[in-house]
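In what follows, a structure is listed as structure tokens, so that the remarks can point back to it.
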Amino acid sequence: MCRWAAYLGDAIFLEDVIAAPSHSLIAQSRQAREAKSPTNADGFGVAWYGDRPEPGLYRDVLPAWSDTNLSSLGRQIKSGLFLAHVRASTGGGTGRANCHPFVSGHWSFMHNGQIGGFERVRRVLENSLSDALFDQLEGTTDSELFFRVMLDEGLAQDPQGAVSRATSRVLEAARRAGIEPALKLTAAFSDGRALHAVRYATDGQAPTLYTAAFAKGVGRCIASEPFDRDGRTWHEIPQSSFVTMTRDRTSIRPFTPAAAALALAS
Amino acid sequence: MCRWAAYLGDAIFLEDVIAAPSHSLIAQSRQAREAKSPTNADGFGVAWYGDRPEPGLYRDVLPAWSDTNLSSLGRQIKSGLFLAHVRASTGGGTGRANCHPFVSGHWSFMHNGQIGGFERVRRVLENSLSDALFDQLEGTTDSELFFRVMLDEGLAQDPQGAVSRATSRVLEAARRAGIEPALKLTAAFSDGRALHAVRYATDGQAPTLYTAAFAKGVGRCIASEPFDRDGRTWHEIPQSSFVTMTRDRTSIRPFTPAAAALALAS
Amino acid sequence: MCRWAAYLGDAIFLEDVIAAPSHSLIAQSRQAREAKSPTNADGFGVAWYGDRPEPGLYRDVLPAWSDTNLSSLGRQIKSGLFLAHVRASTGGGTGRANCHPFVSGHWSFMHNGQIGGFERVRRVLENSLSDALFDQLEGTTDSELFFRVMLDEGLAQDPQGAVSRATSRVLEAARRAGIEPALKLTAAFSDGRALHAVRYATDGQAPTLYTAAFAKGVGRCIASEPFDRDGRTWHEIPQSSFVTMTRDRTSIRPFTPAAAALALAS
Amino acid sequence: MCRWAAYLGDAIFLEDVIAAPSHSLIAQSRQAREAKSPTNADGFGVAWYGDRPEPGLYRDVLPAWSDTNLSSLGRQIKSGLFLAHVRASTGGGTGRANCHPFVSGHWSFMHNGQIGGFERVRRVLENSLSDALFDQLEGTTDSELFFRVMLDEGLAQDPQGAVSRATSRVLEAARRAGIEPALKLTAAFSDGRALHAVRYATDGQAPTLYTAAFAKGVGRCIASEPFDRDGRTWHEIPQSSFVTMTRDRTSIRPFTPAAAALALAS
């Protein structure tokens, strides 16, 4: 599993989320509290939106706690919208291409969870992608592939619908492979304007997800687990929820898999 | 393009080929003489056969000349059969999974050349693999994929035939994609007993390939370019040749593409 | 040797200097024109000034041309004052701590050249540092040590004087070690406001140094060698010169070693 | 702190100690049982003796559990004497030069513990070294410096005496710096023939140390903590002990600091 945190609001330094809080994302890379594996040291990454429509991306394979570049970038870069992730591999080697967030055009995506029995469904899922999205594959993780399937389902036009249909495509692939579908999906993603998150699992045991207002209300966070207790109120997002955060509001809607738009090749 | 060297014979230290000669493979990583690009600094790798049927594998992303681990391993490890490679990327990011040699069971493989228009044929070639070989894919290079196609064509049973059919499969994929086939294939591979190499290009301009007896006849080398001139006689292998080296003899046969055993999915 | 480029002016994207020009710093990492060694692939680094008095710092050990993080950071980060460097090691292993620029408080420094016979003078120079500066040493390069000596000579109060005295300290250390002083010093450094550079060598053969106005006069550059020829006029800085660039003007003064303020321990 | 294990006996594969046991050194990198910090993910290293008098050395900065090279080397390399280490930094950045074991000629050394108040004594200890040993310094750890001090005290002639005098030199340096000496020293080292270890701390709380016979008596191990419980009997080495293991026997003697042979510069 993994840990992640995302922010939307007035521009703040990245370190205000990833390094400064008492239980910051970097602290969680060493010792997470609500994760199955406390250590999240198989690489890290941050995607942030600035002067361009597409995000910046910094990913590397060291544990987040020991990367001096991350610490300097966190002190220097300000952003009003960013996603940060520390990885605990459930499969897929340690390499930059397997570190979250993943980026495609304006979109960024990061994930805590896994596609159960991934080796049994990977091929059919890759083949279900359009040529353009197939060519974007850079690494070998289930998370990146889920992101490409989301894009294939029309993420830009209908974020919740696309995730919902992508989920169905994954479940259907498992059924065709003769295995019990097992998906854990606590993920965040953005197009540079809104910040979305989903918490869903086939067994109703998706990894935790929380939201909170950021210091003095300049912004809001959504994270795998609270990164401090300094008077901040964290709201746990229920299982089977889809969250959309904009500068103005946070909406939480029920989330269920939907019929996939694109059929798997028979 | 890239540079590589392989050895078969009495066990010698790896450094006797990769570091000690005046124009060793490490020297070639800095300044190759017969390559299109003189600098081969996008990672390196060595596969060697020792006490086990499958080879050891050490690959990393630094330039070969600056990797202190490579230098120590070269001084310590003795082997009677090894393949070593320095990479100049023609596509595919810099990462361990994209460094040669590639390994599958007993087999190891390394390549100098490229599949022209790879982005146009990659998907259909990946889809032409058996499930087992598809699942072995670790990186994103044309070289690794060519190796998996070779295995799919029965490398263990008929090395030259498998390479010949793999070549045809690649050429056919290009034709179906509506592009002119363009393959450059100067490669070496081994199952831990014999050492094979091929020099072939669709335009008759495959990268160079040389063989030579090793010091005092304890073994033989096959390499992209001569790594010294110290009284050693290097024989240039002609275009369209297939070389098989065993402890007893070196055979050189003509090489041409053959009909692929497995048709591409229509 | 190495290659570097620095910029002062209106905020521009880092990539406008390090990646976009036809002979950008990244292009120079692969194939420099005016350097003794054309390949500068032993790591790289960039220090930039933004919202804080101290600079951000991103350094890594891959060749600059293959680092995907550098390419993304270059596209995202804007700065009105930055220093960027690609390294060709003349000693000191490949590691982040040996990559330029080096940073101390507000100051950043990068160097093309070397202290001849460094192994003979390193210890006495380290011992000549104050405790505080000795404790700042992170790597093993002659360049970093020269920077710490500059700081020790009062860089903040008198930049040219400090470099001049640091030079003398190095020359004196060589004489005491019984070797002919041999220093090549083409370096740039900044406190976040002005940008300084020096070109000096004991044999009058210091690596090249050029200045030019940046596109449409929004800023100015100082670099090891011109990074494009697109109508820009590059001025070669003469041997034994000290350059100071501010937003308003560029001054070029003669540079010679001066008596060191701090004597070497006898 | 850190974890380490060493082996002396008939040649075995490195993985028989570092990867195969249920609580192998690689397992300890993820979750040590008897260490202050359970995670030991700030790099790793192994030094092994083979066909040459000086050891081979493989060190890298990833967590040991995710390094594919380590796993392959462990499967291939056989040795009758090797030292392996997983690091949890107590200071000194993450870099290869700061990973244990450290090597000097025939000698290798690795350490679990620390020199308390190292920043206060580092300079005087470095200055107490001979020029030749000072020049060997590659990284910035207290452990490496302790090893160089041991060599300076005549490690080759009198291993226990040298460690004893090195300990005194460190304690004396602390006293002169006006701080309470605080040393934790659970370390192993070898010249390629015998294997030595020491367990000592100024407060009597040195990290744990165990010995055991290896499977079927082909060799013996000494380790920070037991790496399995498969019928093997582990003996805890008492505080203030010095262990010497040869092919024939293991001796355990009391260890105390002794007067240093070389005085610190006054």
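The first chain written gets the first letter, and so on, giving A, B, C and D; residue counts start at 1 in each chain.
What we mean here is this: a residue touches a chain if its C-beta (ideal position, glycine included) is under 8 Å from a C-beta of that chain, and two chains touch if they have at least 3 such contacts.
Only a predicted model underlies this, so the values are computations on that prediction, with no experimental measurement involved.
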A-B or A-C, whichever has more C-beta pairs in contact: A-C
Distance from subunit C to subunit A - Cα centre to Cα centre, in angstrom: 40
Shared interface positions of subunit C, touching two or more other chains: 68, 93, 96
Overall pattern in which the protein chains touch one another (line/ring/star/complete/other): complete
Subunit C to subunit D touching residues, read off their complex: 93, 95-97, 119, 122-123, 126-127, 131, 134-135, 137-138, 140
List of subunit C residues in touch with subunit B within their complex: 30-31, 39, 41-42, 61-63, 66-68, 89, 93-94
Complex interface listing, subunit D residues touching subunit B: 13, 48, 50-52, 55-60, 68-69, 72-73, 75-78, 96
